[in-house]
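Got some structures for you, see below.
Paired with chain B in one complex and with chain C in the other, chain A is shared by the two complexes that follow.
Take a look at the complex of A and B:
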């Protein structure tokens, strides 16, 4: 490891340790915001692992997340919780691999639309399943898993995602994805199996999103398909990742923290204007900071270095 | 310098719908040779190159690389077997530095370099193509000829068994052309096996051991550059009936 890597490692550990202390403050408000931030930290960072280098915009996060929720919702009375997490991870990975095989040969726009449709398709299937089984339209998740537990589990998952991302970025796989994002023709002629490189990363991000849904199910206590498979979630993940900067591992988190603080305020004070805020944010990102906050940081850092 | 057969193209055809782009092409290149693939615009040269590198799949026929059948393999598999190429319109990896562009050729090619090996080889290739010390330059800041050089370095760093240069000299001014021809000549003296698609006649005369001439997708002549450029059918294909 280089000196800079050791430094970043220490910074990350300190930040994680500080974040882990939040439940100890006893403030319900900060814990609840903390859970939201941790959720989107995990989702946006793992989303950017795949979409950052390849520029394939996936709107499938909601599909995976919802499946994770339903695995826990359906199984909580029958199986121990850790087993459910494992089942969720395996299901998410298998679904991501299938979707990847079917769609990653598609280019740009078609891929985006397919992933958006996927969440809706799965939601409809779940609805259909529930009505034909004659049960009610939702599921109760009654556990003794407390909110601090959920928060710490999310932090743990986040740490795994960062370690995985760091490892991928310095591996051949990470380099292959950067080449694919630049020019797929060059990638193929350099000897890269582009389909499997993309599928591996899509599986990683899909699995993480599924487990995240599974971790959050106990928090809701009542799961409905419209909440579990919400397209809003997929859009929020993309917007926060882009706001922070999807080309760096540490990019999404610096988008997630300010966005969630503002978002929390907006949903509390102006619940009818959330979509408007989302739209404005998206425009601002695209026009003003195409490389996200991480891009701005890097620009000013380079300028400061140039000045001396 | 008769060597082993490096590439054997047998009866290869490719059609796009009703258009026959490559029509029963057969030719061979021996190890350490430079073969010129020439012909008027639209004669199917680039399509032929794309069939060899795997960018396009052939409809019929067979392509052998050092005896092994590579026909119909995906481009990444063919690259791993040791075929590297440059593109008719130069293709860079724009978000990367010059050095990283060269890395891209070495990491997944048939040498599969990584770490120190990769860095040393990439630096040596930058030096060879005349970009020594320019490794940290972003490609967006490079001139056209430097990008062409960089693309060549990216192809060379994999130590290819067969190098395909698709109009690598096109678009260069006269002094750059001189540099470019010298560069390819130095590769030839190293004993590289190269197929060049070219329009620049000076380059063909001074670089190629043999030439294959294509017209309307088919081979119309084969031989040394002097022989084929004196061939009546070749002259007719390039210039029309009245000149033959």
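Take a look at the complex of A and C:
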């Protein structure tokens, strides 16, 4: 490890330790914001693991997340909670692998379209399954898992995602992905199996999103398909990751924190204009900060260095 | 029999939806994810004209289509052309235009939500039963079907028989080469994009006669249009018309035989099959 890496590690550990202290303040407001931020930190960072280097925009986060919720909702009465998390992870991985196999061998557009409809497709299937089974449309999740527990679990998952991302970046797989992102033709010609590299990363990101959904299910206590498979979630994840900068591991988090704080205000003050705000954010990111806040930071850092 | 005619009528509707996107993606190379919202905007415009001025939705086309044409022209000039100029390759343009049109679609949804609220809308116009092979079908669906047929015929003739249509086809095949033979690629693309928008909004005005819609339903139409375009092959207007009928028949069959809640699932099934077995589309040609 180089000196800079050791320094970054220490900074990351200190930040995580500080973040872990939030529930101890006893403030319900900050804890609930903390859970939202931790949720989107995990989701956006894992999203960027795949979409950052490859530039493939995945809109499937909501689908994975909803599956995680439903696994917990359906199984909470029968199986212990950790087993459910494991089942959720496996299911998420399998689904991601199948979607990846069907679409990632082709051009990126197919992938975007497919993932765009995936959450709605699974929602329809779940609804259909529930009506043919004759059960009610919602599920109760009654556990003794408290909100601080959820928060710490999310932080733990976040730590795993960061370690995983750091390791992937250093590995041959990460290198291969960066080449694919720069020029897929070059990647193919230098002997990279582009499809399998992309599928592996998509599986990682889908698994994390599924587990996140499973972790958050106890918080809701009542799950309905329209909540679990909310289409908004996937877009929020994309926006935050791009706002922060998807090309760096630490990028998404610097997008998540400010965005969630503002978003919380917007949803409270203007609940009917959220879509409009979301649209404006999308346009701002595309036209004003195409490389995200991380890109801005790097630009100014390079300029400052150039000045000396 | 009911399924087949119902499916064909639905297919006509889908053909209307998909033709606009076809022009936008095939020629202007913009994957316009705000397509469904433009369609819904057309529906709202027709509703508003019908409720406010008692104007028949069919006649409202005369107003809706030109406005949509100008609006989409402006969207192309001010939002998408900068992206075309900025991007170094097709992949970059695709990512940027997807994100940008997402933004535009959200703004459309937000604005329509602010004006019309979150309720579902429908209105009754020409809901007269009409006998086709001794089965009753609403007259408004048949009018929409005829509208689709006329639009498709005009587009097909224009693209294949006129000089300006030839320009568009040239740009669609290879924009760089088109540029070399003195075609103004940006103008042809803007033209295709605006025309696609006009067709889409016109389609929205026609289908508003029998579809229940709300401000946020556009994405479903976008989905279906995208699936149809890919099903038919990206650059083939005939392909997407056939694909629209395939999708219409499949959805009607699934809705009446299994469960009406599974229409999207049937569309996806078609999508997966085509991705696995014929990714260039039913009528598309293999590229390199």
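By our rule, the second predicted complex is superposed on the first by the 308 of 308 C-alpha atoms of A that agree within 3 Å, B and C clash if a C-alpha of one lies under 4 Å from a C-alpha of the other, contacts with A are read in each partner's own complex, and residues count from 1 in each chain.
Quick note on the criterion: contacts are C-beta pairs under 8 Å (C-beta built on N, C-alpha and C of every residue); 3 or more make two chains touch, one makes a residue touch a chain.
Since we're looking at a predicted model, the values are computed, not measured.
Undergrad: Please tell me, clash or fit, for chain B and chain C sharing chain A in the overlay.
TA: Pair status: fit.
Undergrad: On the A-aligned overlay, A:285 touches which partner chain: chain B = first, chain C = second, or both, or neither?
TA: So A:285 only meets chain C here.
Undergrad: Specify the partner with more touching residues on chain A, choosing between chain B and chain C.
TA: Counting residues of chain A touched by each partner, the higher count goes to C.
Undergrad: Thinking of the overlay built on chain A, is A:242 touched by chain B (first), by chain C (second), by both, or by neither?
TA: So A:242 only meets chain C here.
Undergrad: What is the contact status of A:113 with respect to chain B (first) and chain C (second): first, second, both, or neither?
TA: second
Undergrad: Is A:172 touching anything from chain B or chain C once the two structures are fitted on A? First, second, both or neither.
TA: first
Undergrad: Rounding to a multiple of 10°, what is the angle at chain A's Cα centre between the Cα centres of chain B and chain C in the superposition?
TA: Rounded to the nearest ten degrees, it is 70.
Undergrad: For A:193, is the partner it touches chain B (first), chain C (second), both, or none of the two (neither)?
TA: Once the two structures are laid over each other on A, A:193 reaches chain B alone.
Undergrad: Touching A:209 in the superposition: chain B (first), chain C (second), both, neither?
TA: Once the two structures are laid over each other on A, A:209 reaches no partner at all.
Undergrad: Contact-wise, after the overlay, does A:84 reach chain B, chain C, both or neither (first, second, both, neither)?
TA: Neither chain B nor chain C is touched by A:84.
Undergrad: I want to verify one number: the closest Cα approach of chain B to chain C after the superposition, in Å.
TA: Superposed on chain A, the two chains' closest C-alpha atoms are separated by 8 Å.
Undergrad: Intersection of chain A residues contacting chain B with those contacting chain C?
TA: Chain A residues touching both partners: none found.
Undergrad: Please give the residue numbers of chain B that touch chain A in the complex, ascending.
TA: Touch residues, chain B against chain A: 53-55, 74-76, 79-80, 84-85, 87, 91-96, 103-105, 107-110, 114, 154, 158.
Undergrad: Which positions of chain A touch chain B when the two form their complex?
TA: Residues 172, 175-176, 178-179, 181-183, 185-194.
Undergrad: How about chain A: which of its residues touch chain C in the complex?
TA: It comes out as residues 55, 57, 102-103, 106, 108-110, 112-114, 116-117, 120-121, 124-125, 127-128, 131-132, 184, 231, 235, 238, 242, 272-283, 285-287, 290.
Undergrad: Under the definition above, what is the set of chain C residues touching chain A in their complex?
TA: 31, 33, 79, 82-83, 91-92, 94-96, 98-100, 102-111, 113-114, 118, 216, 219-220, 222-223, 226-227, 230, 259, 261-265, 267-268, 271-272, 275-276, 279
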